[in-house]
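In what comes next, chain A is part of two complexes: it sits with chain B in the first one and with chain C in the second one.
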Partner chain A sequence: MEGWDTSTKSTLTQIPLLSAKAGPRDGASWTQRLKEEYKSLIAYTQMNKSNDNDWFHISAANPEGTRWTGKCWYVHNLLKYEFDLQFDIPVTYPSTAPELELPQLDGKTQKMYRGGKICLTVHFKPLWAKNCPRFGIAHALCLGLAPWLAAEVPILVDSGMIKHKDDSSSSAES
Partner chain B sequence: MDEELLELQRQFEFAQQAKSSIRLSERNVVELVQKLKELHIIDFDLLHTISGKEYITPEQLRQEIAAEINKLGRVSVIDLTDITGVDLYHVEKQAQLVVSNDPGLMLVQGEIISQSYWDNVAEDINDRLQECNQIAVAELAAQLNVGSELITSMLDSRLGTLVKGRLESGQLYTPAYVARVSAMVRGASRGITVPTNLSALWGTLQQLLQEMNGVSGVAVESTFFQSLFNGLLKEGELLGSLRAGVHWTPTVFAAAQKECIDSFFSQNSHIIYSALQKLGISQPVQFLQSRYPDGIPLTTVFVHPSMIDMLDEAVEDAVERGSWIDSLSLLPTSFTPQDASKILLQCSSVQSAQKGNQGLLLVDSYLFSSGFVKDIYDRLEKEMVAFNLSGSSILTSSEESHLVKETRGRTNRTIELTETGNEKKKKGKAAAMKASESLPDDEYIPTKSKKNQKKGKDLLSVVVSDSKAGTRKDLANMQENLNVPTEEWITQKIMDLVPDFEEQGMDNPEAIIRPLANNMRPKLINFLKERRKAVFTENAENMKRLLDNLQKKLDESFLNMQLYEKALDFFDDDQSTSAVLHRHLLRTTAAPIADTLFYNLDMHNKLRNGIDAEESHSGPATFNPAERTAVAKTFPGSLSKKALSVIEALEGKHVEAFMTALREMAEESGLLLKKLDKKLERTLLHSYRKDLTTQVSVETDPVALLPKVVSLLYLQIHNKALQAPGRAISIAVSRLKDKLEDSAYKILTDYQSATVTLLSLLSAATGDEEDCTSDRISTKREMLENLMPALKGLVLSTSQS
Partner chain C sequence: MEVELLELLKDLETLKRSLPDSSLHASIDKMRLRVDYVTNLANAAPARRSKVKDMSAEVVDTNPYSRLMALQRMGIVENYERIREFSVAIVGIGGVGSVAAEMLTRCGIGRLLLYDYDKVELANMNRLFFRPEQVGMTKTDAAVQTLSDINPDVVLESYTLNITTVQGFDTFMSSLKNKTFRPSKEGSGVDLVLSCVDNYEARMAVNQACNELNQIWMESGVSEDAVSGHIQLLVPGETACFACAPPLVVASGVDERTLKREGVCAASLPTTMGVVAGLLVQNTLKLLLQFGNVSPYLGYNSLKDYFPTMEMKPNPQCSNAACLERQKEYMLTKPVRDAAAKAKLEAAASVALEGPLHADNEWNISVVDDSDPDSIDGATSDALPEGLKRELPTADEFQNTPPAAVPTTTTVDDLEELRKQLEALNAE
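On to the complex of A and B.
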């Protein structure tokens, strides 16, 4: 599990693992899978909250639970930068990881595919494949998005690509 | 849609809606605390833990320390730093504060210990003590990991309350146990009846206890026994005396000892030290002296004065009766000779006897009254005189030498024996006995076998050796004192004189007689010397006279001899005649001279040695050569040699040799031989001539006349004194031929031939008497007789002319 910082790793190990191997097209077993996803997400969220490290808010956008939308944020220099977050559960899930999208940052950084899909580290894919089907959405967020935000947001802020909403608003006002 | 899924959705939503807890970073907190301190909101010392992540107030620390102490009752300060996580420095400081505030706590060697802990420990100890009866404090200290002194002080305050037992030299004991061991000690000590080293006793008791307790039993220290013992002794439960802390002498033993000694001493009025030593008294003399102040300590025995009284009486009796006494025979057998001698010296009668010269103490235990000794001595003296008179000096010396030879022979034999005797011990012993009897006159002493001998024998051998040494010395002095009585001789004489020595049934009368003889011997020798001196002075006169006589006789004959010798010069050219003449002179003149000398010197010798040589007035005896040699050998040293050479010369053919030998001998014996000088020669010749003339004139025998006439003729013509044997006469006559007138010579030759024929006839006529020769002899004789006046006239006339 090299490639991630120790806090990420310790957090990851505390997220409950999943057991049902089912994709969105598998009907009842997908429902079962979805339940496990929720449980895992709940545990992860509670964990984040108790550590004063809450950094996202998501919810299923359709009843099947194949599309998720929400927000994620990062605090840099005592300023909170908040971005929209959305992703679909691929058909080959859970063998394929979901592609996390930050549409607001599309085109602002090189570490991103077209459409705002974030580029994950080379280590992510093998680790995910190795842990299929035990890893779920929570794991994908923890392993993929959190490090990405921590790495990219300070650069983006410093380069002035993104501006805090207060600043932008104040500048807009001024 | 699934209910559960919805529910989960809701829950997730709720979880996401929940407010997240707010966290301050450490750094913020530290800053906050510093801020508080700066603002003096926190106005006390704030400690922090080693990890640096916690602050702690001193009160809290003290509380924690107290809590820890309460938990176990005993806690190490170092452990406290681990438990509280605060630096040791602060913990120590606070621990000291805690201890000083609470009197029930103590800080010992980095540990805080509460009284309650000690109480617990004491209870534990008590439990164990009741179980095991005894515990070593050192063991406890090791278990609790504290100093034994601390434990002792802790136990001291709790003995009798929490701990029911007794602390004795680093050991804890229960009273029951102490009682039991003390009972053992008492039993063992009371059981002892002889003096004992207590440490040995404790050893056995220890073993006993160990056996009783089995393997679990702990070794009891002997000091514990000792203290119990001392306690019992103080209480009077044990009777006895203790020396040097460990030597225990029970009263019962001391009492028995005293009783035993008392009873023996009162019964026998003496006691041997060795007996006391057997009873365990190491210094018997001091013991007895302190106990019986009037007793007398001797070498090996302690006696009551009554013993001395008894001996005293016996001695007195012996002295008065003029007898002798062996104190050993009166004393108990356990007395040694040394004791006897000591006790004798204690006797008043002995002292007075010795002072008054009435008694003689010999060989430690024998006392002779002076009367007795004097009696023997007188008798011995008489014996001595008799012995001296009877034994000639030659005899004695030969006896002595014989004796010595014998002794030597025996010694050699015994030495051989002892050399081989190592294998055969018995034989060796016998040999040693022999050796002691005939003690070797060389230094060899068979020490090994000597050990085997009894003391008495030893004594004897020493005495004998002394005596032997004495005889040896005597032998050395033999030249001076020819016959000093030997000790053996005296001993033998005393034995003969006083037979009661043997009658009294003594195993070894020699043992006492010898010293007695030794005692008397000097006196006897003195006596003998004096006697000899007396004889000597008496003899001196005789000797002088003898020597004077000798000198006179010798002078005379020696001068004659010289005279005759001169005459011999005439015949030097004629060998055979000269030899004949020499021999004749030696036989006729020299032999008497030598004999006279020898005889007189012998006499002189005897006189000088103090022998009563009665002078025989029968005149000088004649000796044959063998006798001469014997006499010559008795002469001392060089004189003897000279005398022998004289004898040899006498046997020879040369008068000169004899003369020189004789002269030398005379010189050696201190006599003077006068040399012939002219004047003396003349007077001598004159007297000789006169003598011869008268002889010739009165001579009637025709045969004897001839030599005298010839001599006279020689004297007249040559002024030489010739002593010629018959055979030499004819030659002597022929020599006169040219000196005499023809007529005279004719008379002489006629007479001579007539004499020769007569003599030949005489020698032939010895066979039968009724022979015609007798007639012829008588005619011849007549013829000679007829011729005699002519011959006489021949001589006498010349002498007158």
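On to the complex of A and C.
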């Protein structure tokens, strides 16, 4: 697991692995996979909360569980920056990972493909491929989005590309 | 407009003659030149050519196909006009796909199906094909605009969608199956699918569709550092599919550890993309019009001007179920293929007995490739031809190890209950 910091690594190993190799076109097997996705997401969210490091909320945006929307946030200099998060489960899932999108940041950073898809490190796809089908949505968030936010939000803030919303609801993390 | 401009010229001439002061004549002459220029511009106003019914071989400057039909006269292609029967689907209308579409349009291809979900941006202007005034249009609409002007004979279909989503994939599949253009065609409704996308996810989606439809396709790619690329022919069941083994890419020769990726996702050059599009469409023409050797894999390393070739057999343990079905079908038809190959060899042998071709080859040039391309097994990742490398590792053999007991904190196994549990956590 070259290329990740120790805390990402230790978090990753605690997220429950999945076993059903099924994508959204696979009918009943997809339902099985979807249950595993929920279990793994629930465990990851509980873990984040107990470590006082809750950093995203997502929900399925359709009954089939093929589109997900929610929020993610990052605290920089004691201020909380929150972004919309969305992604589709690709037809070739889990062979290919979901492409995580932060539409509000589209065009604001080079570390993004068009449409607001975050640009992952060279280490992500090899690790995902090696662990198919054991990695799920929770793993993609932990390995893909968390390091991306940690690397890019400070740059975006310091360069003035994003401003903090000064309303009380999004002030410094409690 | 032309009449008005002529009047203006006359007025200027009259003015010049009526002026006693000849020092002003030079500026009036300059104005006349400007009017001439505008007149030329007006005369060159775009005139759309009308459709042609048959491809003519007549060499006149009004025939858009004369130089292509010459391929037939020269004996390169047996029947060029067949190109009008073919349908080609191009997935991804970016730096490679748009240029490939223009080449096929100029060649007079019968029908093009174009797929992309993206819009034209100013950041695309370092590549060929799209123009600054098309910024903001969808790539598919902008492409149809340009291509239908270039050649109105080509039937163009545009699909603004993302083939990796469930809905986009369904539309993609049904559009490939539609046979209204040529109802007598066997198999799907298209002759070839060209993948010109820039990411692994979309390539895997094309692979999935083509394996399910038993559809021949070609994959193309340009490296993120913009200095190498490749094209690959994929025949379901016969050659390795895109999931049989991790993708094979050309090593640029630049040390990965010294490649600076900080602050950028990908670079692109119109040259590399143009070369790859050219290689892709050349292979397409050879496949469809049956001339020359169709390359199973051709790499391009621009730093060294090195073009590695090879072929890849399918992996009997491929993770793609449709690929395994196609492999089984291919094995079943082996006796028929062997008999046909034998008959062809015998026919060739009897021709050879009649005397060597080009006996007067004074420069002793060999036109036959004397080295077979390297052939590798899709299942093994070792013994790659020089200059090629795997992009991703293979998945671990997870089947052999029982999945670790999932240490979940929940024992619930009902989907709706699980959804509610996650929602409750989100609301906390």
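One rule holds in what follows: the second predicted complex is superposed on the first by the 166 of 174 C-alpha atoms of A that agree within 3 Å, B and C clash if a C-alpha of one lies under 4 Å from a C-alpha of the other, contacts with A are read in each partner's own complex, and residues count from 1 in each chain.
Throughout what follows, a residue touches a chain if its C-beta (ideal position, glycine included) is under 8 Å from a C-beta of that chain, and two chains touch if they have at least 3 such contacts.
Because the structure is a prediction, the values reported are computed rather than measured.
Following the overlay on chain A, a clash is recorded for the pair chain B and chain C. In the superposed model, A:T92 lies in contact with chain C only, and not with chain B. In the superposition on chain A, no contact is made by A:P103 with either chain B or chain C. Once chain A of one complex is fitted onto chain A of the other, the partner contacts of A:A60 extend to both chain B and chain C. With both structures placed on the common chain, the touch criterion links A:I42 to chain B and to chain C. Looking at the shared chain after the overlay, A:G27 reaches neither chain B nor chain C. When both complexes are overlaid on chain A, the residue A:C119 reaches chain C alone and has no touch with chain B. Once the two complexes are laid over each other on the shared chain, residue contacts for A:S50 go to chain B alone; chain C is not touched. Partner contacting the larger number of chain A residues, of chain B and chain C: C. Of the stretches 3-11, 93-101 or 363-371 listed for chain B, only 3-11 runs into chain C once the two complexes are overlaid on chain A. When the two complexes are laid over each other on chain A, chain A has residues 31, 34-35, 38-39, 41-42, 45-46, 49, 57-60 in contact with both chain B and chain C. By the touch criterion stated above, chain C contacts chain A in their complex at residues 117-118, 121, 162-166, 169, 199-201, 204-205, 207-208, 243, 246, 256, 261, 263-265, 319, 392-396, 398, 403-404, 406-410, 413, 415, 418-419, 421-423, 425-426, 428.
Per the touch definition, chain A reaches chain C in the complex via residues 16-19, 21, 24-25, 31, 34-36, 38-43, 45-46, 49, 57-60, 64, 66-67, 70, 88-92, 95-97, 99, 110-115, 119, 122, 125-126, 129-134. Residues 31, 34-35, 38-39, 41-42, 45-46, 48-54, 57-60, 63, 65 of chain A are the ones that touch chain B when the two sit in their complex. Within the complex formed with chain A, the residues of chain B that make contact are 1-2, 4-5, 8-9, 11-13, 15-16, 18-23.
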